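Two complexes come next, and they have one chain in common, chain A, joined by chain B in the first and chain C in the second.
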Partner chain A sequence: MSERSSEFWRWREYRHTQPNMDWNQAKIVTAGIDIGSVGSKAAIILDGQLYAYSVMRTGGVSEETAFKVMNWALEGTGLKTENLHQVVGTGYGRVNIPFANKTITEIACHARGAHYIYGPSVRTVLDIGGQDCKAIRCDNKGKVMSFLMNDKCAAGTGRGLEVFSDLIRIPIEEVGKVSLNVTEEPPPVSNTCVIFAKAESVALLRQGWPKEKVAAAYHLAMVDRIIDLLTKVGIEKDFVITGGVAKNIGIATRLETNLGIKPLEPELDPILAGAIGAALFANALYEKQLGLR
Partner chain B sequence: MQAHYGYKDGSGDYFIIIDTDNCDGCGKCVKACPYEVLELVDNEFDIEGGSMATVTEQHRKKIKYSCAPCKPVSGERKLPCVLACETKAITHSW
Partner chain C sequence: MLEEVFETFRKWIDNRHEYARAWKERTQNKVVGYFCTYVPEEILYAANILPVRILGSHEPPTVTEPYIFAMYCHLCRDCLAQGLKGKFNYVNGIVEGQSCLHLRQAFNAWRLHIPTDFAHYIYIPHGVQNPHAIQYLTQEFAKFKKALEDWTGKKITNEDLDRGIRIMNKNRELMRRVYEYRKLDNPKITGLEAMEMVLSSQMTDKEEHSKLLERLLEELPNRKLNRNPGVRLMIIGSEDDDRVFMKNVEALGATFVIDEHCTGSRYLWDDVVPDEDRLFAIASRYVKRIACPSKDWAEFTRVNHAVRLAKEFKVQGTLVIQNKFCDPHGIEIPPLRDALGSIGVPTYPLEFDVTVPWGQFRTRVEAFLETLTGLEELF
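Now for the complex of A and B:
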């Protein structure tokens, strides 16, 4: 009998509205849409404060996804697209958002969003997204000072983790925790390519390694690769992680051990950093149009 | 802002670093580059806009090879893009 197929790579799609906030009272209502390679995020901001947001998978057509994720964030709030004073698009699919007034790179948006989520003490932002990994240095206003991007291969990214969790048949939201279930860290697998990393993991499984140990080897490979990036831009406290992979405890813990710096704990889902940053840029853009700044 | 374009692999670091605060978008480096590695794009890092030089998508993942012909073999030799830039916004990792 074949095992019933399950989607171990699938993560939770959701939306949220902050209670006790009323958009009718707000002077400026703006939105940020972050169409990533794997996940799409929308955030609505009232006078610079986060009001509603939604997170979903990016579909095959980014334009459709842009409408879907925006409408989902608006759902139940009574707000309509016409009520939004300004919309800024970001992420890989930013050129395909028909209703965006302006596009801004995800690098600038993540720095700005991290500044909002974690506060002004943030100096180093590590964004681990679906298909790339960026190390960003920023100042106390969330402005980018220096950045480095690695998009040469999906190893060390969220999509790589999806592939891996599917392989070892452990849900992606638990795979990080499982990887910490080892007494000693095994040597890492190859970190130059997702396919090689997966192939090596398969080999280790066939040699009889327990899933936890293989997961540890895979996570360690990702961390090695990420640290390469971080050391290039230089790490300064406070250090934070954004993007979907920030929620993976296996990565966060190993980064802390290997770097000696503890990443700050987020109060909001760090996957939203890009969308929040975009919405804040939209807010600034509208203020500029009004002549307020 | 120091924008690093390029990558690191087993054989070394390959980055072109453009200081976007110094880059005035004049486009002289674009003309100076014999291999069309550089281009002018809209500055998407801030709401202010304006144009700035960047490494083309196509070359970002292979600048080890794209930039190899201009690399100094021995001694010091200035690269065409670095020489062309009056505001000294371009540096390299090699």
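Now for the complex of A and C:
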């Protein structure tokens, strides 16, 4: 693919089934669907353990995406939606999931999902999604204690990073690493608005700044904005990052440097936190229906 | 019958301009627009003038840029926009009672750029906790009364002032009685209905409004709302007439059982206590009333009031509203959070603008409600 026709903003879509797990042996099979503004995720759990999942880009119609991402997660497992005991929807498109039994906010679901992915020591969750950023404080059970979200603009979020990747023509999955190839951090660009940040980045490129340096300025602006939010809600160890941007090493490294707290390393893709949390809520709600809780 | 009363409140708000025009035509009296609830409506009623509150339309104000800074709050820009668009072209005059810099700018820009017969600025003291505040405000009200007399050509007598006080006190008292029904485990009215009751009182003839309130109070004891009240919320903060927000939040499984806004309880909480010196009596009410945070210093007296309300109305959680750039209400968020938190009532802050991004706000409010409903206790 030529550079001209490349979609630098595009990230990998994929699905996975855990080997050595058999849904036929499970007492309770539940699913969580997280229809985000940019990415959609589905997670299926068997008796509270992650079994299969899928991650894809959110299309123009949330209902269609919900079916697609769910069917993709089920693909090859032999499971059908009618085999699911309970489905919980979350994310911006949560109200547009026709087969969800209940909707729960992504705030509660990310806290719960982070608890599953990283363990009970998590106290601060930073979820950087497509169009917003959430700082969540939780207890040792993954219960939300307090939270804050950024305001309207997408600066400091995944969609802003996609716009920037496309501008400097570096694939989004590499742009974080590229941004670290500087000997000294430059001043950040504007962090109040994606459009302003992009315009400033264009000006810096025209001034002859190398792409790495402009990328560093952009990442630093995002990090400044995220730290504002984290500071307001208060940061307590252990600190973790969820959402698609969690995989950006330029953001994670700068957060560690500027906060003095190292985020925990995930063993699972942290973009799944919301969907996993939703599936765990579905499991708990179904157990409650059965009188098991 | 009872639903008709609420429907009438809604119609009055939606057709506020038509109402005021019809009133003017019918009575051949003047209508005055006021910007802030520190304007003593008692004196306007004494002069047989209809006071109507100038509020915005919640449409992006596209005409105010040359007259007012974009970093002023949306309320003041939206109010000015209504004037510039001619929506209030029936008012004979405008009055502002000093509260904040932003509304003062809206008033001054209106006075400069929109032809009007009468414009009066009342220097309500900022230092309402100063021991000389009542004495000072009595003199300010005397100047206001004189200005009205000069404008209308009619003397305002003590009997006129008594009538103005009576009209206002009665309306406030009736609304407070309606608020009592919000204390019930299953409130008789929703937060949206309460907001529409108070808002409509700021836009209509109080005597007509009070007649409806009397009807409402006759029938309210028998009312049964066919809804689960859900989480008992308080809403507190900057000027708020966003009815869509109230409706949407209450549809998520909650009821606003009390508010602390100048479009709500703060408007009706205090009466004028009669005194031989009528202007002194009115001034005392405006100095001692539940203060707007622009005046609530050196002590944050309103914070204790909010705690009392939370206890009386059995509040489970509080949404704290700050209009973007409304610094006085921003400053009080930390003490409110701490004081309400100390009695086990969590708060959640929301920043309002001329339009509310409901998608984002819905997530925040729902997540806040989830922390209060026991959903999180499943694990």
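Definition applied: the second predicted complex is superposed on the first by the 289 of 293 C-alpha atoms of A that agree within 3 Å, B and C clash if a C-alpha of one lies under 4 Å from a C-alpha of the other, contacts with A are read in each partner's own complex, and residues count from 1 in each chain.
One rule holds in what follows: a residue touches a chain if its C-beta (ideal position, glycine included) is under 8 Å from a C-beta of that chain, and two chains touch if they have at least 3 such contacts.
Here the structure is a predicted model, which means the values were calculated and not measured.
Asks: For the combined arrangement obtained by superposing on chain A, do chain B and chain C clash, or do they fit?
Replies: clash
Asks: Can A:Y92 be said to touch chain B (first), chain C (second), both, or neither?
Replies: After superposition on chain A, A:Y92 lies in contact with chain C alone.
Asks: Considering only touches as defined above, state whether A:D228 meets chain B (first), chain C (second), both or neither.
Replies: First partner only.
Asks: Report for A:D132: first if it touches chain B alone, second if chain C alone, otherwise both or neither.
Replies: second
Asks: Considering only touches as defined above, state whether A:G142 meets chain B (first), chain C (second), both or neither.
Replies: second
Asks: When the two structures are overlaid on chain A, which partner does A:W11 contact: first (chain B), second (chain C), both, or neither?
Replies: The answer is neither, since A:W11 touches no partner chain.
Asks: Name the contact category of A:Y51: first (chain B only), second (chain C only), both, or neither.
Replies: After superposing on A, A:Y51 lies clear of both chain B and chain C.
Asks: Out of 171-179, 243-251 or 279-287, where does chain C collide with chain B after the chain A superposition?
Replies: 243-251
Asks: Under the contact rule defined above, give the chain A residues that sit at the interface with chain B and also at the interface with chain C.
Replies: In chain A, positions 104-105, 107-108, 143-147, 149, 151-152, 281, 284-285, 288 sit in both the chain B and chain C interfaces.
Asks: In the complex of these two chains, what residues of chain A are touching chain B?
Replies: 102-105, 107-108, 143-152, 192, 228-229, 232-233, 281, 284-285, 288
Asks: Taking the complex as given, what residues does chain C use to touch chain A?
Replies: Those in contact with chain A are residues 346, 351, 357, 359-360, 363-364, 366-367, 370-371, 375-379.
Asks: Quick one: in the complex, what on chain A touches chain C?
Replies: Chain A residues touching chain C: 92, 104-108, 112, 132, 141-147, 149, 151-152, 280-281, 284-285, 288, 293.
Asks: Give the list of chain B residues in touch with chain A in this complex.
Replies: Residue positions touching the partner: 1-5, 7-10, 13, 15, 44-47, 60-61.
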